[in-house]
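As written, the chains take the letters A, B, C and D, and residue 1 is the first residue of each chain.
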Amino acid sequence: MKKLTLIVGLVCSGFVVLVALVSLVWTPFDPTKVSTHRYGGLSWPHILGTDGLGMDTASRLMTGAQTTLLVGILAVGIAAVIGVPLGIYVGMGHKMLGEVVARASDILYALPALLLAILLAAAVGASVMTATVAIGIATIPIFQRMARAATLTVMSQDYILAAEVAGTPRFIIALRHILPNIAPLLGVQAAASFSMAILAEAGLAYLGLSAPQAVPAWGRMLRDADIYTAPGQAVIPGIAIAVAVMGFNLLGDGVRDYLDPRLREVR
Amino acid sequence: MVVLRAAARRLAVFLGTVLVASLVIFLMMQALPGDVAQVALGMGASPEKVEELRQTWGLNRPLAVRYFEWLGGMLHFDFGSSLVKGQPVVDQIRPRLGVTAWLVGLSIPLSLLVAIPMGLTSAMLRRRASGALINALSHVGLALPVFFLGAVASMVFAVKLQWLPANGYRSFAQSPGEWALRMILPVGTLVIVQSCFLARYVRTGFIDVLSEDYYRTARASGWTKWRGLIRHGMRNMATSLVTVVGLQVSSLLVGAVLIEQVFVLPGLGSLLVQSVGSRDLMVVQAVVMLLVFAVLAINFLVDLLYLWIDPRLRRGKTA
Amino acid sequence: MSLLSITDLSVEFGHNRTRVLDQACLSVEPGQRLGLVGASGSGKTVLASAVMGLLPDNAYVMGSVVFQDQELTTMRDKEFSALRGQKMSMVFQEPMTALDPTMKVGRQAGELIGLHQQTSPKATRTRVEEIFDQVGLSHASRIAEAYPHELSGGQRQRVVIAMALVNNPDLIICDEPTTALDATVQAKVLTLLDEELSRVNAACLFISHDLGLVSRLCEDVAVIYAGRIVETGPTAKVFHDPQHPYTAGLVATANIDAVTPGERLPVIEDFFDPSQEVRS
Amino acid sequence: MSVRSGVILGLVLGLSGIFSACVPSPDSVRELSIGITVEPTTLDLTTDSAAAIPQMLLYNVYETLVKLDSQGAIHPLLASRYEVSADSLTYSFSLDHKAKFASGTPVDADCVVASIDRIRQSPNKTLQSQMAVIESVEAPSADLVVVTLKEPSNFWLYSMTGVAGIVFDPASDDLAMKPQGSGPYQFDSWTSGDRLTLAKNESYWGTPGRFENVVFRFIPDPNAMVAAMLSGDLDIAGEMTSPDSLSLFSDESKFTVIEGTTNGEVVLGFNHSRENMKNLAVRQAICHGIDRAALVNTVWGGKGELIGTMTVPTDPYYEDLSDTYSFDPEKAKQLLAEAGVSDLSLSLRIPTLPYGPKAATFIASQLGDIGITVTVEELDFPRWLEEVYRDGNYDMTIVAHVEARDIVNFANREYYWKYDNPEFQAQIALADRSTPQDFVPQMQIAARMLADDAAANWLFVFPNLIVAREGITGIGHNMTTLSFDVTTISSKD
């Protein structure tokens, strides 16, 4: 059962990554090339049909996987790069700063990605980038809180005390002792946040706050789909999003169970 | 006494956070480009007229003055006047607030009502196919974009089956029947996604309880598996679930914004999208403030609820 | 007719069917106190859990457990639950975690009464305070209003014992009931157990790794090793004249008082080679 | 609400008894509900130029002295007749003595003068320029208004059929929230984000409205519009922004589909202040590089006529110039090569209106084929207004110009296209001043000038796509004004 979670997660997320890699070098058609062959059904050579502008859905789906991964990697990257050091620093014992960071974290938590994205899009225009940055910023508190909690646990370990007694600089302690110990936890969180980011981007795309139509992206494909005229063109990106989200979610769960069955969902 | 002191501390932190949040929001609004006067006057406006309008609306006064004016106004529910419509912002928000409050207010209890039995069953039967199936279903439900699910629900239940109206809103005061009919699909969609999310936490929580000693004690006392888990697991599972629900509020609000778009509901979300579109900063500012306040307030309440659920936090330790 | 008779009871866990209990045979007569001794991991707790029907879902049970003429291994959860807490009850090792942290202890004890008989809340309350008083919890009414974390370890274990006794069961299984307590408390709790068991005249399966405790409390003893019952008999006889080498080792290592200072302490392996096939 | 949905409701809430009592009675057919896509931010059409305001209010709530019909002909409305002097400078409007506002106040000459003055003082530049030609407005008697122009203008009377000609109730003090006029319907309520309701004006001076209420529902999402129409929630889908879905309404026993035209030209606008776009060869290459027939098919379901200049078929001076630059990618490449332009990279900044992103994606793809790299950027409307429209920060953009006779905008070199062609400006001025007989040929000369100069690429005429429930009749085929005129609509049941 636990293995199954990991396997399904690996297969789904691996598939998305594979498709994205393949699309870097090959797609059946140019994903941005319009044609007069509109709303083509599932048939050769357009195996997933064509959309309302006559663009090949399979090619757009493949290239869209790149966008999906980019969103996930960047958003999680932003959140982790800012949130983790902050969390560790605060977790290593800075009372005043800790309180400030905790409150800032609360405020950021109350400003969901959507609000940030709306404001950001109004400020500099909507694009995949603005959406991703908004999602990334909104995810910072999750990483910050988690890194802090995990650091607190590690800090009570004897080897930290030993290192401190030996006069090891705090920065080195953080780098050598704390980071490696909390890394597995962060990895699991990264997978979960990855899928949340994909879902959030789709939501932003639906509101027109992400990719323009010309850029192949799953959320945007879903927005542009004429669900009553060609339901398939909505269902296909819908499934793609679900597979990616589920894949990374299961991957995270699976790795967590694998690393330590007692390591429960991070809250 | 301990409870009171803990509650008072949390209240102080909450109020402080709200205050800082208001400043952050105010400053963010100022950074938004797009001249509201220009937008209001439209494609045919002359620059002089635009400047005149900026003067009339007091957009040229110092930041600090405008911030404290806004803050002071909010204390007695005065959010200023809409730049575009001229009417008080609060009059625009009030009818919209109801829609979003209904959406969120109905979704939270209903999704708990679905998630708890779902999580309980899948925890209890986790080694059987049926439990695994429920768990798998919750993973799928969680992965589907809420707006996609909403559009499909509308297609199936309104267009194909013609059971329910496709979209639109009527207020409860105008017609309770119509109101209820038009709330079923949007609330149902939100509940599906939310309950799938929560069910996973409920499941984990109950699985944790299953391996706890007190659950074994309960079983040894004569509780059957299921009833023992409900009786002694629920409260313990709830301590962690309540935190998750609190954290979920902001994502539920996001879901509500998307659902308002799909089902064309005149809620705060669509007001926000609309006001950003017309650069009606006073309205945007008020709505964002209100949403942030709601999230912070609900998390504050969750904190208090936590004190109530978990006796270990309520009374000082003696042992 | 035995109160409890266990015949060829085996328990296996998980997909690869790890055998934890191997064809164990035991019987407990009404009013009899039977000690069950063995090292940690020898299957003591699994045996107790199997009797109580509290094994996790991934356990496979073979053989037979008959309690008061009823076969327990095939009994439905609902009927079994009616026995638990009523005819048979259990005292657990960890008083710190054995009680629901979110419920007042008086209510937890009261539940046991309500589950098995029709009573008024008032009668339940009176009975709870009575039994609390009996197990030596002073200010019983105040204790009943407390949450587990507000009580000391000894107090909690008394609550657990009170819960096991409250319905006057015919069989009480005690799984290392005093191991987690500090020495002074341990002695008091043990005395209490001894008195109460005699008072209600219940049979007892007393599980422990401590031979001293067992010989103080139990007239009979069974020795379990690696999932097998290797020796059974009257306590005095088994400990004085162990038939099985493992028992001999157990007894020798327990009697460290008999060792002259400076001499090497005995270990089990001096008496018994675990790699050898054991069969009593 | 159907019986079936009542049952469902009962099942869900277990309160069917209570709720089915609230089911609206069948006389709700006296309500006409129309789905439209854009909600205005205010109802004041003297300050805000959003087309959604006149869409709901013009002719329905507000009336003008003269009205344009669905064929483009001018008819008297509040004026029972009007006369034009021989020198085309003086217009005399005789008011219909029956005419009165919904409030009961009679429509007299003073109200008309006040209204015209109100429009002349509007901050809206378009309205200002439409009225700039007026020398004086006078009311010699209670039912006569005389307007004197500075110079003859063929455009002026035409403007008076639109927003510029509205006669406001002198009692109206809040145009933004409470419009008051003399039409067959009066403003009832506006639920922001949801609907605007008009109620029948019981004391209308002319043929009364046929519905107790007219509800405009704001449904921006095309899928939601289709769903509302298919599920029977709407009587009329007033604008179908997903033309492909019209095929879903082909069942004539249930729906009527109207495919007419509007005044809207969907324009691929060029910024003539940019070096690249000043180059005629580049503009011509772009025009040759885009297959507009395919574009209409792809982007707008094949609905919408092709045009070659800033005129629409309902304009009196319309000529079909759509093949001025035929689709010829080879010629386009050749033009670019001859002009020595290579590695051309252009920005296409568009507002996020339903046609914009689709058309932009299509154009970017086709121009890519002739070697022009197009970067598409979607902007929300306020941003577009600021950066493209006001600041002129763009190479190309796409927007539908819905106002009537807006060809004159090309004569304004300040306009966001920055098109500065003195010859064309002179020609438009000449046409405006010329006699009504000469007006048409002079305008045709101007229109051809634009076409030949490839001043923009006119993609197609925005079609008037409406779906109505069976039994609804009287919807205007073409949308010649900004009004969604409900005064002619009736329902069989």
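Criterion: a contact is a pair of C-beta atoms (placed from the backbone, for glycine too) under 8 Å apart; a residue touches a chain by one contact, two chains touch by 3 or more.
Computed from a predicted structure; not experimentally measured.
Nearest to the global CA centroid, when each chain is reduced to the mean of its CA atoms, is chain B. Two chain pairs are in question, B-D and A-D; the one with more C-beta pairs in contact is B-D.
One inter-chain figure worth recording: chain C and chain D are separated by 87 Å, centre to centre, where each centre is the mean of the chain's CA atoms.
One inter-chain figure worth recording: chain B and chain D are separated by 39 Å, centre to centre, where each centre is the mean of the chain's CA atoms.
Centroids built from CA atoms put chain C at 51 Å from chain A. One finds 43 Å separating the Cα centroids of chain A and chain D. For chain A, residues that reach two or more other chains under the stated contact definition are 122, 227-228.
Listed for chain D are residues 223, 227, 230, 380, 382-383, each touching two or more other chains. Each chain pair that touches appears in this list: A-B, A-D, B-C, B-D. Here chain C touches chain B in the complex through residues 52, 54, 56-58, 77-78, 81-86, 89-90, 92, 94, 97-103, 108, 111-112, 115-116, 147, 149-153, 160, 163, going by the rule given at the top. Of all residues in chain A, those touching chain D in their complex are 32-34, 36, 38-39, 52-55, 121-122, 125-127, 208, 212-214, 224, 226-230. Residues 33-35, 38-46, 49, 52-53, 84-87, 92, 95-96, 151, 154-155, 158-159, 162-169, 175-178, 180-181, 184, 261-267, 270-271, 274, 276-280 of chain B are the ones that touch chain D when the two sit in their complex. Those residues of chain B that touch chain A in the complex are listed here as 13, 16-17, 20-21, 24, 28, 31-34, 126-127, 132, 139-140, 142-148, 151-152, 155, 159, 200-201, 204, 208, 240, 243-244, 247, 250-251, 253-254, 257-258, 261, 272-273, 276, 279, 288, 291-292, 295-296, 299. Per the touch definition, chain D reaches chain B in the complex via residues 1-2, 4-6, 8-9, 12-13, 18-24, 39, 41-42, 47-50, 123-128, 176-177, 191-194, 217-221, 223-224, 227-228, 230-233, 380-383, 385-386, 389-390.
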